[in-house]
Amino acid sequence: MAQDERTWEAGERRRLQLLTWPDIEEYLQSSRSILIPIGSTEQHGPTGLLGTDALCPEVLSRGIAARTGALIAPTLSIGMAQHHLGFPGSISLRPSTLIAVVRDVVTSLASQGFERFFFVNGHGGNIATLQAAFSEIHADVSYGMQSNRPSLQFQLHSWWMMPSVRARSAELFGEAEGSHVTCSEVSLTHFAHGPHMKSRPLSPKIAPKGPIGDSRDFRSRFPDGRIGSDPTLANAEAGETLYEAALEDLCAAWEEFAKTA
Amino acid sequence: MAQDERTWEAGERRRLQLLTWPDIEEYLQSSRSILIPIGSTEQHGPTGLLGTDALCPEVLSRGIAARTGALIAPTLSIGMAQHHLGFPGSISLRPSTLIAVVRDVVTSLASQGFERFFFVNGHGGNIATLQAAFSEIHADVSYGMQSNRPSLQFQLHSWWMMPSVRARSAELFGEAEGSHVTCSEVSLTHFAHGPHMKSRPLSPKIAPKGPIGDSRDFRSRFPDGRIGSDPTLANAEAGETLYEAALEDLCAAWEEFAKTA
Amino acid sequence: MAQDERTWEAGERRRLQLLTWPDIEEYLQSSRSILIPIGSTEQHGPTGLLGTDALCPEVLSRGIAARTGALIAPTLSIGMAQHHLGFPGSISLRPSTLIAVVRDVVTSLASQGFERFFFVNGHGGNIATLQAAFSEIHADVSYGMQSNRPSLQFQLHSWWMMPSVRARSAELFGEAEGSHVTCSEVSLTHFAHGPHMKSRPLSPKIAPKGPIGDSRDFRSRFPDGRIGSDPTLANAEAGETLYEAALEDLCAAWEEFAKTA
Amino acid sequence: MAQDERTWEAGERRRLQLLTWPDIEEYLQSSRSILIPIGSTEQHGPTGLLGTDALCPEVLSRGIAARTGALIAPTLSIGMAQHHLGFPGSISLRPSTLIAVVRDVVTSLASQGFERFFFVNGHGGNIATLQAAFSEIHADVSYGMQSNRPSLQFQLHSWWMMPSVRARSAELFGEAEGSHVTCSEVSLTHFAHGPHMKSRPLSPKIAPKGPIGDSRDFRSRFPDGRIGSDPTLANAEAGETLYEAALEDLCAAWEEFAKTA
Amino acid sequence: MAQDERTWEAGERRRLQLLTWPDIEEYLQSSRSILIPIGSTEQHGPTGLLGTDALCPEVLSRGIAARTGALIAPTLSIGMAQHHLGFPGSISLRPSTLIAVVRDVVTSLASQGFERFFFVNGHGGNIATLQAAFSEIHADVSYGMQSNRPSLQFQLHSWWMMPSVRARSAELFGEAEGSHVTCSEVSLTHFAHGPHMKSRPLSPKIAPKGPIGDSRDFRSRFPDGRIGSDPTLANAEAGETLYEAALEDLCAAWEEFAKTA
Amino acid sequence: MAQDERTWEAGERRRLQLLTWPDIEEYLQSSRSILIPIGSTEQHGPTGLLGTDALCPEVLSRGIAARTGALIAPTLSIGMAQHHLGFPGSISLRPSTLIAVVRDVVTSLASQGFERFFFVNGHGGNIATLQAAFSEIHADVSYGMQSNRPSLQFQLHSWWMMPSVRARSAELFGEAEGSHVTCSEVSLTHFAHGPHMKSRPLSPKIAPKGPIGDSRDFRSRFPDGRIGSDPTLANAEAGETLYEAALEDLCAAWEEFAKTA
């Protein structure tokens, strides 16, 4: 079980980083839309990869782009993960910093003609800050400060919340899915980065649940980093199933969003 | 149909603004929790009050406090409403400003011993920014900057999303509820501020739906300010039903939250 | 002795929060001016209300509006009160936060056509920061950043410094007036919110005086929170006298300011 | 008529910039106080120097230091003068920038043991922002963020508002003093920087008065930059009189402030 | 000519994103050092990849890690490139944003025990801002704000400025190297990402030189984006030579830096 | 040996602070360029003046202006010197603060027609932050925020790095020059401010070298504040030689820069 090399390569060819400025100038002739993968770098329990939340939107973005021709911006691989800082290797931006980053990325591209921004997100902790960032960007126009700028459009899709993914995930893992270090995300990294996966004993089998506060509180509630999940159930085959489910919904959403421009 | 005066008065007596510092010192002997009403000042269509989103959590806070003894902080009556600025009278804080306000309010109270903050929210547009603000506050501890501060706990309850309210609202208004200038919020202001309500013809009967962007985009999609609603169905009697439904859930949530301290 | 209900109600009807956006659109046909009450939430000694500095401009604003038709923005009830944080219940914004709040409130309203902002202030600690905020807002035009925006005008009136109030206050209380938890402000809250007033023994009778620094320094210089005052002299009758004195000057100032637009 | 060279030189020897770090280490053995001259660089009408507001506190600081041994920090020669930007050569910091500058200067010195900061100010437009800056600095302690720092003390003396200066100024110039490009400040620069003074015809003789807004508004109200003054009356002899009056009060204030440490 | 697969894979295994938190906890037992690749996403002429400046430090980081065991943080692939925004596809952070990002990344890792940060940089425009960021981070300790934090150490290595690279580059390309879209960086991307390279006619053969200002000024001086270079000379064989030269110096620098911990 | 009085006086007459707004209006008829001296206030070892880094660009600016007619802005005498804060008397702005200061100074002058800014710098620690500040200013145009503003041009000349100075310095002092409290800068202050110089025994004769971190790290590596220098070799005669060498290069650079406007 492993990711299809041809799809990956086709996706790679849609990465802005692997294109030239005349390529983008040409793309803008027919589209005002861009796909921005955003994730996080944070602990995923004793066996999950620290990069899980960035790696998942990266592999999905390649798939979307291979099928739809979407242009892929560089992955924003560090997100808002202050609650995970108690575990070594977790890296977080403050919400105010992430807002500034998103504002600068979007206004860079908007100054060149992009108007529609489609975020593929891998981390729940990013959602609130991203929505705040969109409002912060809109505010420039809303307060009359940048009234000659076109109105920008944003969509934020958290891959694990797409209906098709939720349906598959419920069938595959039921209650053991959990809400951090989920079986689904670990499965998707097995599918995409199989050779890197670790195996370590996990105890208890299903991790505890509870509210999320600061990093000190988090580590005391969730000693090994998992919340409510049993990621030993994760596997590459399930990862492929979820990959296909996510692509189905995400490609449809992109097509709908991008055609409006 | 009108709000019960005695309940209102009992709630008023729980307002921090109408107490003295020795009263608060005494309160802190037995509780580390405080209730913070947060709303917005923004257009609510041709007939809804500009203050609707602040007035609703204010009246509910009085009710909660009258029944549970909760301490009520001053209402934060201006929220994040940049998308409404195209309509006169709407006032908004940028997300970055609202984050700073919430940080200062919370750290003021935390410096005196408060540890648990229960927000009763009246505006959907505040949710993302409030959650970002909580993370911004937690980050001080999570980065090791304020490691001698106790871990703070936050809960955010948007009154119209409480299960009992949703159930009543669906029964009362069905599809006509909409998502801005909802029948429910207008009903609640009828119940609490009846004499101020306006009547103007609305057309179309049910307002259009769609995504929310900047204020220019908003006004062109939703010409009279409503989204998906027919607030002519609103009435004080429904308002009282919803008030009771909301209190039922909110009082239970407060009791659970406050007992943990 | 109690506040006149009809005046209060007439004032309530001039609150932006209790109006609709078409009401404001209509108001803007004949006026570019708005009244903004601003206060603070901070200790007022063992017997004064924590909300004193917001409650006073609130009641005065209702009076001004009842007599002049001024439009009243939502009260900014949390101000710059860092020096009071040593007493439980005090809540402060940092100067930089309050500047951002005032900037956002003013630019929200300016984007809709308001040009003249009349602040009725209840707290000495707000004055410097408000004036800095006005300059921060002016700077956008002065540096050539927002050159297409009309020039905005600000007036800041601290009610206790109006000449008529100072004259009455000197007659009524002489030296016992003090400079924090003054007899005047406590009297005005007796007049407006009588039922909430507390009585506790105060010692010494007249509180000490001195410079204001950080909250630690403040609490050690002024152990019960008062500065130079003996608020046991306060009473509702004096409050009514001061209320009338303040309205006399404030209504005249509003009429002069608002007619220029 | 010219400034006394020996006093100037004695003052120069108290400038931090002309001392070494062991000199300051030794000074801190016996004093925790420092004098900070702060001014502005802004138009002073057709004949007044752009640097007037910084040059005045500079010369006064040399005098204070010569007589009292005070240590003089570098002059902050650019202040908050957004309203003057319509006249070439005016330079302003935004209030938020000046707050950051004052915070950094003060916390630099506080980290080495300074606790008492005596500002000699030459510009009315700085006053509000400086007071806001002091509160911003105090807030670090007041919110419990830097609780191990000693409480800092600030005094702000605007030289032209010292009682002795006001008395002399009223005798010398009466109504013609005005409020910008005053006879007093121009006289003091004649005394201190005589050779640089310009003579140009001024019309009207006494400039208009009025409120201060943004730079566009300012230039239209005050076409040549003066407010209410007739600086043709200024002269070096008056400058010396005012210099002595200012020193009398400022030296007394410094002695009182610095002895407390 | 292509990059060695085994070296790449060995480097991949040193990426923090592909490890788990217990792996990092173990790493911290023997090292306090981490390698952070930082680049930019900006136009590289008609034929160079937009991601060149991030792709180069990425491939070099894998090489360094494969040979030394260094731990690799996620690539910061968007840098300070405001001057390139006139060309579609360029994305920039403001200097103030990049400072915030670096501060958050470093303080995240420092809270877990990292003390030594080795940046491998691919973009000249990042250098000043990165050095400013290091000072901003140090300032927390220097002002006495975070005095219980260990002193952090930073090194910044711009790969094309390493002595061995400069020597090889001068031999290979002489004057045609240029200063943007250099033959060296294009060669290194040929070596690492060969299949993606474009070929388009370039005119003039060697691009003009000049100072760098804002994006409008940049595009008018350098119409196709190159500065002083003829990247048609670039090739994968030269890329491999430069890769080996860079690794030689960078591995030595890392070994020296990391052993000090 | 002492500085030529006539040159100094001629330079003084070119200081913006000693001119009037009509003088600047006239200057702008023929030039869009201005010279901004920038320094630092920081320890310069047991014998060097704390103001060395500001005093040097000040005296050089007078010389440049006397010879070329350049207009001199007020000296920015406090720079980015966080690493020196461990020595009493050092004062620093954070990089983010210095960026804001430079932005405000430049945009003040740009709003009046200045377009070319020539910084004469006295402190190595300022260089990175100044370059970041220039990019921050350019970004307003580059992101399309201030597109109607002319493109601004910046040059930054650190006087001790001018080729003629480096040549003279190498001849005069060789290895003993060092990199902080250099023989050259101390010589220049002897030449310009001779009477203030101190003599104290220094040990070791040549100070140690090493990397620069936070202030705590700095003081432990460089106990008396010097880095690699033996400033006992400094003298006024060498100062004059270096002054002439610097002026030669700086005047040529100014002439070239200013003629382009």
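For reference, chains read A, B, C, D, E and F in written order, and residue numbers begin at 1 within each chain.
By definition in this document, contacts are C-beta pairs under 8 Å (C-beta built on N, C-alpha and C of every residue); 3 or more make two chains touch, one makes a residue touch a chain.
This one's a predicted model, so the numbers in the text were calculated from it and none came from an experiment.
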Quick one: which chains contact chain C and chain D both?
-> B, F
Hopping only between chains that touch, the fewest steps from chain A to chain C number 1
How many Å are there between the centre of chain A and the centre of chain D, using C-alpha atoms for each centre?
-> 55
CA centroids of chain C and chain F: separation to the nearest Å works out as 47
Calculate how many whole Å lie between the centre of chain E and the centre of chain F, each centre taken as the average of the chain's C-alpha atoms.
-> 30
Going by the touch rule set out above, which residues of chain C reach two or more other chains?
-> 85, 92, 94, 96, 104, 108, 111, 142-143
Chain pairs in touch?
-> A-B, A-C, A-E, A-F, B-C, B-D, B-E, C-D, C-F, D-E, D-F, E-F
Of all residues in chain B, which touch chain C in the complex?
-> 12-13, 15-25, 27-28, 41, 43-51, 54-55, 73-78, 85, 87-94, 96-97, 100-101, 103-105, 108-109, 111-113, 193, 196, 198, 200, 225
Along chain A, where are the residues that touch chain F in the complex?
-> 104, 107-108, 110-111, 146, 149
Mind pulling up the chain F residues that touch chain A in the complex?
-> 142-145
Can you name the residues of chain C that touch chain D in the complex?
-> 80, 82-83, 85-86, 92, 94-96, 99, 125, 127-133, 135-136, 138-139, 141-143, 147, 151-154, 211, 213-217
